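Chain IDs A, B, C and D follow the sequence of writing; residue 1 opens each chain.
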Amino acid sequence: MEINGVEIKDTYAEAFGIKASRLLITATTERLAKIAATEATGYGTSVIGCPAEAGIDSYMPPTETPDGRPGYVIMICNPSKKDLDNELLERIGMCILTAPTTAVFDVLEDPDDKFKTGFKLKFFGDGYEDELEIQGRKIHSIPIMSGDFLVESLFGYKKAVAGGNFFIMAENKMAGLTAAEVAVDAIDDISGVITPFPGGMVASGSKVGCNSYEFLNASTNEKMCVSLKEKVAETQIRKDVGGVFEIVIDGVDEEAVKEAMKQGIAAACTVEGVLEINAGNFGGDLGEYKIQLHDLF
Amino acid sequence: MEINGVEIKDTYAEAFGIKASRLLITATTERLAKIAATEATGYGTSVIGCPAEAGIDSYMPPTETPDGRPGYVIMICNPSKKDLDNELLERIGMCILTAPTTAVFDVLEDPDDKFKTGFKLKFFGDGYEDELEIQGRKIHSIPIMSGDFLVESLFGYKKAVAGGNFFIMAENKMAGLTAAEVAVDAIDDISGVITPFPGGMVASGSKVGCNSYEFLNASTNEKMCVSLKEKVAETQIRKDVGGVFEIVIDGVDEEAVKEAMKQGIAAACTVEGVLEINAGNFGGDLGEYKIQLHDLF
Amino acid sequence: MEINGVEIKDTYAEAFGIKASRLLITATTERLAKIAATEATGYGTSVIGCPAEAGIDSYMPPTETPDGRPGYVIMICNPSKKDLDNELLERIGMCILTAPTTAVFDVLEDPDDKFKTGFKLKFFGDGYEDELEIQGRKIHSIPIMSGDFLVESLFGYKKAVAGGNFFIMAENKMAGLTAAEVAVDAIDDISGVITPFPGGMVASGSKVGCNSYEFLNASTNEKMCVSLKEKVAETQIRKDVGGVFEIVIDGVDEEAVKEAMKQGIAAACTVEGVLEINAGNFGGDLGEYKIQLHDLF
Amino acid sequence: MEINGVEIKDTYAEAFGIKASRLLITATTERLAKIAATEATGYGTSVIGCPAEAGIDSYMPPTETPDGRPGYVIMICNPSKKDLDNELLERIGMCILTAPTTAVFDVLEDPDDKFKTGFKLKFFGDGYEDELEIQGRKIHSIPIMSGDFLVESLFGYKKAVAGGNFFIMAENKMAGLTAAEVAVDAIDDISGVITPFPGGMVASGSKVGCNSYEFLNASTNEKMCVSLKEKVAETQIRKDVGGVFEIVIDGVDEEAVKEAMKQGIAAACTVEGVLEINAGNFGGDLGEYKIQLHDLF
């Protein structure tokens, strides 16, 4: 299969179950909302080593938000319900409540259950907190230095999909990188997904386990390293490929992840120097979802 | 004391000891270095609830970096040596190694001691890693998907200063917010300091303990809340003040923090509608450093 | 009339006829498209002194553009058909053709007529140019240094509306400025309009003619200057107003301008410290359109 | 000659005399200063078709500006003294005076002579204008809607250098583009120069005259077009080159342009896939300056 002359490999992305919340941060201006959203979703690339997987989902204009102010929707994900509960509490309490002019609303559809995040945060008000209703939502108003911080009482979470992915194999590093950038541009328009890695792009891949050092659970995936393609017999890198980047996608459901993979791959294939699209899997035994690249188109 | 018609209160900022590392992230372009620096310093406002205090210190042009590429200097801070060691490992491993085209160097002067961060990360290379020397620095080269990731073997840390601060009291919220923004602009030019809160600005203040709820260690500082100034007898907010923001500064030493406070306050006082500059302290019993506002000028 | 406690004056904006073109600039990435769009719409605040009124209308995702790449829609306006023809030629030729990886398409609906902009630009190809069809559009392909520049053969123009406007009167300068910023955020979501002034905001207002210097056709509107409110008897500035900013809107038709005024005013009224919304007119004798503020809501 | 494995051709850039002014725009915040600087330097790539060549030179922190506010230094250039006079007047009057919170100062050293730009603009004040002195500078204060606009009375201009340049020849388009981006990053740190094209990069090159169409004075330089390298016998593009971008530099003097070329080339040579650095000249008969690439290192 080819798109725009780029070979789409007949393989699949192996994705995993995770738990996700989806929050709307509003602020006085778009710029202020983005400041809070960026801080709250940092240090959130992969739960292998980060306390959560987190990212900005999409911009929401003032006409669509509960308080008529511009906002950004973010997603925060963790396999553990308990850890996700804690991450919501800390990321809202430390990175959004402390940010200028913000408010936070729950915008997850069809939640499995809800966390009492806002309910818990209200005690920070030390008795001065208040309760409001905005568009049928129960909101806590907490007096802080610069005014009142509004936070929804409950935040939903649901079983979601983590680790949707595809690999961009290109002539050289910069062609691969530019293709990764426009893939992220395209995915930005899909609602219900995030690309949690830095700038949405992944420069390193890992395999389960480690051959040389027994104490490590994960190590570099030498078969996918461009600088090792001459040295590793089982390399999966074509001779003409000099740049490889991965896009990793977390989404509220499999459909959202599939749509993001589809649009991201289509965008990557518009870039000169892209040769092949591949996907990452672990033989199919680890993850719950198998997303075939050829089925997307 | 007055600057530009703004009253500078005769008080002091109470600051604390912390341990800090200072890292240089370089990348192929300035933009790519910033992407990695932003991810690696996110979720890092205060160790009250975040795993570290972290922020971007300054830009370093290609003429000054070890590898001739543009870069950003970041700082990562934690009171615990063990926690700081772990934060360096995870933030570099998850947020910089995974980011496109990056390398990481140690740029802390006069360290108390060093962490073996790069040495530990090299095992991710599963035997394919290599060792280089760049400008007298011992560097590990780890093959990753898109090329080789370079990381210095050791990263210094030293006793540093956290919680340098000042409060901007303004006519209304937007005047205070704009003054906070330009204060951060001014502090951006000072080497050796970060403003770890979102956009460098703090919208909420806390006090130790909680009067209404015994189970809380910290709660809103009601004396500094603009929306409570009519309700709280001991309010520290003047009648004509409607907007209060704090700037919090962590620095490699007291001198750097003082210089940042000085330039930040001077910049804030250029903004129309700023009425008073104050500072936060806890009576002087908690922190190691007392920085008198009047001594700065 | 009041919105969110802000007085909406019972007055109207006086707007003018102008001729407008609407172009889509696509590029390999969103960032590259924005670079070209920014250069091509600069020096374009008002035809009083600039060669055109120009601005970015909206972002268009890869799924919606003719070539599957991300893009920005811009508008270029001038009262004179001849001048508009020339501005299109020069701004495309000098600022878009010269920008990395761009292509340009006509996206004006219901044009009055078309300019042969692409047809004229093709001669730059010196015989090496080619002709393509993309989605029914006639496209010229011009070889340039870094590849082939694609430009649509014809670009429509139509009678449009310039000078839609409203004034934000606030407690002080920073409250007014922040309200202007969020008004521009809100208008960014309306298709078919631009806010051509710097950052979309206007800091200075003019009146026709000049009392003190006969040789000037236009001069500061002293009745709307905050720093003159004590000195000018006929001031239109309330005693409690310390900051005034104007939003000026050009749009493809009156409906688009009205919608932008409506959403911009609604957004401005969410900002603390905004006291009054006014509008600018010249007694109704100069402009073709009278847009009553009260009719918008 | 080679840098980092990249061939530096033994050739020269042919540069031209031009007249230049250098202005400092300050504003309440760095962000607001940049908004004005961007609008004022737009539509300013080349005087072949734009009314001026213009760009942002460098950021100036609050500690260094006459009014203690952050600012951006811009340059505006034109071969004609009369046209430059007019461009200063219009770009300041339409794009800076109208921008929120700005002031403008003259920061050109060793001017040949001065324009009365501020003196002329003051009449816009209609008798309400005032005169101040700031750090020995004569300043006009003009009441505008949102406050008082400060502009220096006189702005120097001097003979400067336009068209300093080099070409980046790379494996493919994206490698060339990334190298162009980091070259611009490096040049950003050199004081006294601008890169006036979109994002600092030039995607199209021209030759004097046109072979196929007599009515054109300039046309595409077919010898430097990657898509024509198989068709044009005298092509200057190596077989292995697939991406070519040019950096064009205007500077206050030859030394500044040389330093910018040196640092830009050094930065470009750090990017994987860059094969050759070349320079543009017209046989040496048109321009006043010949800058040999090999002399830079």
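Heads up, the rule we're going with is that a residue touches a chain if its C-beta (ideal position, glycine included) is under 8 Å from a C-beta of that chain, and two chains touch if they have at least 3 such contacts.
Keep in mind the model is a prediction, meaning the values are calculated, not measured.
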Third chains touching both chain D and chain B: A, C
Higher-contact pair (C-beta pairs counted), C-D versus A-D: C-D
Chain of greatest Cα-centre distance to chain B: C
Chain centre separation (chain A, chain C; CA means) in Å: 35
Distance from chain D to chain A - Cα centre to Cα centre, in angstrom: 39
Centroid distance [mean C-alpha coordinates] between chain D and chain C, Å: 25
Residues within chain B bordering two or more other chains: 28, 147, 173-174, 177-178, 271-272
Parts of chain A lying in touch with chain B, wherever the complex brings them together: 28, 32, 35-36, 38-46, 48-51, 54, 90-91, 93-102, 123-128, 142-149, 173-174, 176-177, 180, 197-199, 201-206, 210-213, 215-216, 218-222, 224-228, 231, 243-246
Of chain D, residues touching chain B in the complex: 28-31, 61-63, 67-70, 147, 178, 181-182, 185-186, 188-189, 263, 266-267, 270-272
Complex contacts: residues of chain A adjacent to chain D: 171-175, 177-179, 242, 271-273
